[in-house]
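Two complexes follow with subunit A in common, the first pairing it with subunit B and the second with subunit C.
So, the complex of A and B:
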């Protein structure tokens, strides 16, 4: 089912959570709403579910206006950040809830409900946990129960609010892959909210970057990472070196000419240049302009801090490359920029 | 054994522990146990027959009945109000929320006598609504409605106070989940909200009931002390005591004391149940 969001605005008192947002969610895709806290992404998701109502704008589910519909009539599955499992019910009863509260006449018999719930618990690999209570499960297991419960009502859309936010790093990664696989299997239109750019880039078909109640950019993960449309997106997606510079005749001068970058963008005058740490090359050079001020090795990667003409830069490379370069803290070095992006101030 | 030694270091010396425990027990015996024993001893001083006679005497039976009637009206009223108020406070944000919380606490901070007096000033013959009520032939003060109203006022906070922190801690995500899953408002309340608060609610109702039956001050002001008509048990005890009818006074008092004991036991059982459940839900 496709979702069409048009001109949705939502205020909380004087605070504008969403500012005339337009967005199309394509049928069957896995879409990420990515942004820092306060960017409005969760509010947008809750509006889609009917848990919040916008001040103006329209929301269409499968081409039909849905703002007047109650949450129960929208056929959406919602997964909460903190699971929101019914604490006094077993895992089985949690998953069966949506089927049990259906009006008489639309409700399945208890044998059919049991069959469906058992099937869903198998799907989320929790077949043996049907009689447990939520308090007896780990975070990852609870989130899978929450997912099974949301899927039980056969929703047309799955909405997930920071689904991995409360989990530790390892479980988060596993569950992320598992969710991607699940989505590939059942192809349900899904929207998930996250503030973790790695999560969004790895998991989503398309990423929507939000900031201060507005959409900054929509595109495929590679698209938004390689071609950020604004300084905000560039800074938000991954590590970045940020320099003040002046652009003249297509060349950006950084640190009074200590570094210069060719730019083909139509920018003139005062500007900001962004360089990703892995686009910054370092080579040992006796009497070079830069000085290695620190080296941090994190697993297979190495981060090299450099001081150059009063600027501090960060370069990233793998450990083998670092060993091959043979640089150490305190050495002089030369710096070259493989790729940069310049935005007008 | 280093482990034992470090544990010993954290423990107070034996004489200190003994002294503290003895002090606490002596205090409890002097101020709680002794009076309780005295009530029953006094009541049974002239034998079981006299005790029983004092309880089945006409006015005593009327007082017991009236106390039950007052509780039957005021406890459910505060149950409904308490759940509604805590729902409002815990699940919604609105202007005047703090004012509402303060108002709920008001009966705790106001002297019960004043609480009774408020109703006399409102509904009494010379009160604000007195002439209107008289014209309609409705009597509130010095009658059962006044007793019920005063008791409701005094026992107002018990259920709400118990539920507000509980519901605030639980938040409203489970209710939202139920709504998205297709439950109606009623289904959400009965299947999700109520089961989550049931032990706290029962606990609040128990305390509310104990106070409703034991209330003296507020009820005393609005009652008029008409024997057999507007005397609740605590008021009846006072009248008997003032008439130097000690056996009868203590006999009725012993019924109240037994009520307190039953409440205490029920409360302990609930705390035990409720505590385990809370610990289970809090275990993350």
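So, the complex of A and C:
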């Protein structure tokens, strides 16, 4: 089911959480709403679910106006960051909740409910945990129960609010892969909110980058990473070196000419240049302009901090490359920039 | 303090079966000291007077005890005290919950005032409450008069009056135990219920109410216990007709005034026993409810 958001505005007092947002969620896709806290992404998700109502704008679910509909009439599955499982119910009763509260005429018999819940618990690989209480499960298990519970009502849309936010790094990664696979299997239109760019880029078909209640960019993960439309998007998606510079004749001068970058963009005068750490090359050079001020090895990667003309830069490379270069803290070095983006100030 | 030092010296520190039960290794210091203090304190403040009561009653012998307790008048007073305390606690469980709900869920002008008002039955001398209530509900009182004239309905000097007094003194117990639990209830659980298709009623009965129920039972138990022991606020409105509106605490006072100390102690002991059993049942019930979702 497709979702069409048009001109949605929402204020909380004087604070504008959403500012005339337009967005189309395509049927069957997995869409990420990515942004820092306060960017309005969760508010937008809650408006889609009917847990919040906007001040103005319209929301269409499958071509039908949905703002007048109550949450329970929208056929939307919602997964909360902190699971929001019913503490006093077993896993089974949690998943069965949506089926048990249906109006009498539409309610399945208990055998059918049992069959469906068992099937869902198998789907989320928690078949043996039906009789447990939420407090007896780990975070990852609880979130899978929450997912099964949301899927039980056979929603047309699945909305997930920072679904991995409360989990530790390893479980988060596993569950992420698992969710991607689940989505590939059942193809339910899904929107998830996250502030973790890695999560959004890895998981989503399309990424919506939000900032201060507005959408900055919409595109495929590769698209938004390689062709960020604004300085904000560039800065938000991954590590970045940020320089003030002046652009003349297509060349950006950084640090009074200590570094220069060719730009192919129509930018003139005062500007900001961004260089990703892995686009910054380092080579040992006796009497070179830069000085290695620190080296941090993190697993297979190495981060090299460099001081150059009063600027501090960060370069990223794999460990083998670092060993091959043979640089150590305190060495002089030369710096070259493979790729950069320049935005007008 | 006596118990604390004795528990330290009686068992060697070097382990062994007995010490390992009493002294599990813990980073929180002072287990022996605090446990000893707790036991001593409870012994002096709670158990000693109760033991004295039982001993005094024991002076009657089984036969004397039986004769003192199992008379029609005492039996009637038992029914009045325990029955109406249950009624008062039940009324409080319902309306105390509503008051707590309103205080937690809505904001309105004067909310803090209402919140403070809830504690008044705690603070007011019970005799003052009793006099105020009986003045109000007496056949010539502000409320009692119209009730009597329009509906022929008597409140003061009937069991209804007692129930009203017990409801009055017990209300804060329910409100104050339910309020913090309602406050801490995450709104997400209700939102989840709504998004799963539950109506408001289903959300309340299936999600909110079960979460609050253990606290509600605690409030009920406290309100009930308070009602059983209540004296001051009841005696003015009750009318104190033996066998009809006479409560157990009053009966004890009457026995004391007749210098029947052992008889008073016997009634007190029986009261203690029944209260203890009822509170124990409520506690077990509550433990069972909590253990279902806090494991």
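Everything that follows uses one rule, which is that the second predicted complex is superposed on the first by the 345 of 345 C-alpha atoms of A that agree within 3 Å, B and C clash if a C-alpha of one lies under 4 Å from a C-alpha of the other, contacts with A are read in each partner's own complex, and residues count from 1 in each chain.
The rule we apply is simple: contacts are C-beta pairs under 8 Å (C-beta built on N, C-alpha and C of every residue); 3 or more make two chains touch, one makes a residue touch a chain.
This is a predicted model, so every value here is computed, not measured.
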Room on subunit A for both subunit B and subunit C (clash or fit): clash
Partner chain(s) touched by A:87 [first = subunit B, second = subunit C, both, neither]: both
Subunit B versus subunit C as contact partner of A:343, first or second or both or neither: neither
Partner chain(s) touched by A:108 [first = subunit B, second = subunit C, both, neither]: neither
First (subunit B), second (subunit C), both or neither touched by A:178: neither
Shared subunit A surface residues [contacts with subunit B and with subunit C]: 49-51, 70-72, 76-78, 80, 82, 84-88, 97-98, 101-102, 133, 135, 149-150, 152-153
Residues of subunit A that touch subunit B when the two form their complex: 49-51, 70-72, 76-78, 80, 82, 84-88, 97-98, 101-102, 133, 135, 149-150, 152-153
Contact set on subunit C toward subunit A in their complex: 186, 188-189, 191-199, 202, 206-207, 210-211, 292-295
Interfacial residue positions of subunit A with respect to subunit C in the complex: 49-51, 70-72, 76-78, 80, 82, 84-89, 97-98, 101-102, 133-136, 146, 149-150, 152-153
Residue ranges of subunit B touching subunit A (in the complex, touch as defined): 173-174, 176-184, 187, 191-192, 195-196, 280-281, 283-284
